[in-house]
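Paired with chain B in one complex and with chain C in the other, chain A is shared by the two complexes that follow.
Our next item is the complex of A and B:
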């Protein structure tokens, strides 16, 4: 029986749907090997002294939260484990809500952490690179209040934080422009603040060259895999780890489909020649 | 009431998710409805967001509270209005001024930054002693980095015809480019599958309560 192209396509979609859904319902528990890119991020957080203030910038919106939200939760948890204080900022409007969601989730395991003392959400600012540049000069001018309308000078953890140079590291979780590149170009190249972060899988190959001898980026978490690697390093069974089973099965299936497609193309070519 | 609204929201989200997925079977009215609602909703959301989160706090509130102290804000406000003149055929020439200012400013700010980050720092990162790595794998990695960069750049050198001995680095460059395209494709697949996982997780967890 010869299947038409549209029927074949529908079969592929259905099988892929099952391949992703079944591992979510029945997790396999496959482990992923930790890459150097992820290990560098981990070591940056791990070696930063306690009580230091750090920035996690939420430069994404709900469309990419499957990949980036687990990174945010894992990085906040790691920073809190090391008693670092987290400032959340956002170069994307909906990053503010993403930050709130991440704090709420991690607070379930760290109920002793207090807003204003251990973490603060400064909210969204329009402007991308120009905003980061202004933050390098004066953070209070850019963010006169946090997202709860508390004045900057009344937030205890920000007492000694006047400009970007006063933070230990910056992590941008980025799904486009503005994002990690703007932070790197200004905060790292201009103010010499270590910049790290994570991005969607689709943009990861474009950012890997910045993880180099010059330390333009201190490591990079690439997509869901990067998030799951980070979770395994900090010993957290987070949502990225559980989703990686489905991801791996889907990749195996796509490899099989590519193999089958090539086999058919090869067979057709040979038939035509003969 | 809150609980009802939550459940209602989840059902609406599930309906739109399935409607969008239904396009994979074939184009249908449910898909069209979802697509159009999504476009309309996004446009409305952004309009409201821009007014209340950008224009109100950065312009209107400041001008109302302290007009003389913030009079300089009238310049960007005026430029913004000139941009809107584009909507009217007779006055659309006015929009060229704010556009040219935007392009000029963006180019000026970005040029130096890109020069430093994408050229100087990247070139410096490639100028390494390949044998300084602590282990054999590191040395091989460094050599591949140098060879890949040089041959990859050489592939795009079109001023001399690439034939004979000049063809060899170009061919090597193609191999490096192909490997990089393959890696990019792999990551793209990962990103797309992640989106599918996200929606299926929503359907199975929040809607159907099959997974926790």
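Our next item is the complex of A and C:
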């Protein structure tokens, strides 16, 4: 029986839907191996002393939240575990809401953390790399208030933070431009602040060259796998760990499709030759 | 004058910014700091310009009943709803013209803007991106065919990376002894990412970097003038 292209496509879509949905409904609990890229990110947060102020930049919007939001939650949780204070910024307009949601989620496990003392959301600023450059000179000029309209000088945790050099590390969770690269080019290269981050799996290969001996980038969380590796390192059973089962099955299925596609092409070629 | 003035401005600004990298002292650092503030203000206006353009383009398509005009109408209505809700009741902790809208917020469980963002925009946006998985699966079946040596190499690499980046890779070769750890799928995938991938990426990045330097110099020196518009 010869299937038409549209029927084939429908079969592929249906099987993939099942392959993704079933592990989400009935989690398998497969473990992932932690890569060096993730371990470097973990070590950076782990070795930063308590009470230091750090920046997590939300440079993405809801389209990539499946991969990046678990990273944000895990990094905030890890920073809070180590008693570090988290500044949230955003180079993408929707990053402000993403930051609020991440804080709200982690606050459920850390109700003692207080806005202004342990975390603050400075909001979105337009301008990409130029904004980061301006932050390097004077943070208060770029963010006169936080997203609650509290004046910068009235936020207790920012008392000793005047410029980028005053933060211990910066993590950019990025799904495009502006994102990790802008932070790296300015905060790391100009001000020598350790920069780390996470990105979607599809853009990770482009950032791997920056994780080098010069530590242009302190590790990288690549896609959902990076997020689940980080969750396993901090001992958190988060959404990335659950979703990894679905992703693993989907990848396996894609391999099966590649095999079937090649078998079909090989069979057609042999038929044509004969 | 209409064309000379922007060219002179571009040259002066570009020259001062480059100079400030080598002489980070007064007055250059102050000038650059002011220029950065100007850039942020102008970028803010660019967002406004984008919104005006969006309204004009969509209105034109709706008025002229171009194909699929209903979708453009839906887009405009969505845009207007978010804008009106944001202006009237604000978002998150920021109040709007009518305050924080306690009545409507208690009924919806959040401010109207936040409610729509969480329950409409977020799932729609994530769904649209997730659809890529279906296209990739379909494309893998149709297009990822071995036709020669290059495609064979590509296929082998892709299979190793795909397996290595999943939990299955860990299980498949997790039993290998210490001496054969290199052949463990996740380690093999990391090796491919760290060496062949990084080498190729670096070549691309260096070329792109040189290209950016070249085109920036062309703009500063007034050789490249297409940004001024009006010329073919």
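The criterion applied here is as follows: the second predicted complex is superposed on the first by the 274 of 274 C-alpha atoms of A that agree within 3 Å, B and C clash if a C-alpha of one lies under 4 Å from a C-alpha of the other, contacts with A are read in each partner's own complex, and residues count from 1 in each chain.
By our rule, a residue touches a chain if its C-beta (ideal position, glycine included) is under 8 Å from a C-beta of that chain, and two chains touch if they have at least 3 such contacts.
This structure is a prediction, so every number in the text was calculated from the model and none was measured.
Chemist: For the combined arrangement obtained by superposing on chain A, do chain B and chain C clash, or do they fit?
Modeler: clash
Chemist: Based on the superposed arrangement, let me know which partner A:189 touches: chain B (first), chain C (second), both, or neither?
Modeler: first
Chemist: A:24 contacts which: chain B (first), chain C (second), both, neither?
Modeler: So A:24 only meets chain B here.
Chemist: Taking the superposition on A as described, I'd like to know which of chain B and chain C A:33 touches: first, second, both or neither.
Modeler: The second partner, chain C, only.
Chemist: Figure out whether A:108 sits in contact with chain B (first) or chain C (second), or with both, or with neither.
Modeler: Neither partner.
Chemist: Chain B or chain C: which reaches more residues on chain A?
Modeler: Looking at chain A, the partner in contact with more of its residues is C.
Chemist: Go through the superposed model and pick first if A:65 touches only chain B, second if only chain C, both, or neither.
Modeler: Both partners, chain B and chain C.
Chemist: For A:243 in the superposed arrangement: first (chain B), second (chain C), both or neither?
Modeler: Only chain B; A:243 stays clear of chain C.
Chemist: Taking the superposition as given, does A:209 touch the first partner, chain B, the second, chain C, both, or neither?
Modeler: A:209 contacts both chain B and chain C.
Chemist: Is A:126 touching anything from chain B or chain C once the two structures are fitted on A? First, second, both or neither.
Modeler: Both partners, chain B and chain C.
Chemist: After the overlay on chain A, which stretch of chain C ends up in the same space as chain B: 55-63, 73-81, 91-99 or 181-189?
Modeler: With the two structures superposed, the offending stretch of chain C is 73-81.
Chemist: Shared contact residues on chain A for chain B and chain C?
Modeler: On chain A, the overlap between the chain B and chain C contacts is residues 9, 13, 16, 20, 63, 65-66, 126, 130, 133, 201, 204-205, 209, 223, 225, 247, 250-251, 254.
Chemist: Can you list the residues on chain A that touch chain C in the complex?
Modeler: Residue positions touching the partner: 8-9, 12-13, 16, 20, 30-33, 35-37, 61-66, 96-97, 100-101, 125-127, 130-131, 133-134, 137-138, 141-142, 147-149, 201, 204-206, 208-209, 223, 225, 244-245, 247-248, 250-255, 257-258, 260-262, 265.
Chemist: Spell out the part of chain B that touches chain A in their complex, as residue ranges.
Modeler: Residue positions touching the partner: 24-25, 49, 53-54, 58, 109-110, 113-114, 116-117, 121-122, 124-125, 128, 180, 183-184, 186-198, 200-201, 204, 210-211.
Chemist: Where on chain A does chain B make contact in their complex?
Modeler: For this pair, the touching residues of chain A are 9-10, 13, 16-17, 20-21, 24-25, 63, 65-67, 93, 124, 126, 129-130, 133, 181, 184-186, 189, 200-202, 204-205, 209-210, 212-214, 216, 222-225, 239, 243, 246-247, 250-251, 254.
Chemist: With touch defined as at the start, can you tell me which chain C residues reach chain A in the complex?
Modeler: Per the touch definition, chain C meets chain A at residues 29, 33, 36-37, 39-40, 43-44, 46-47, 91-94, 114, 117-118, 121-122, 125-126, 128-130, 133-134, 136-138, 140-146, 155, 158-159, 162-163, 165-171, 186, 190, 193-194, 197-198, 201-202, 205.
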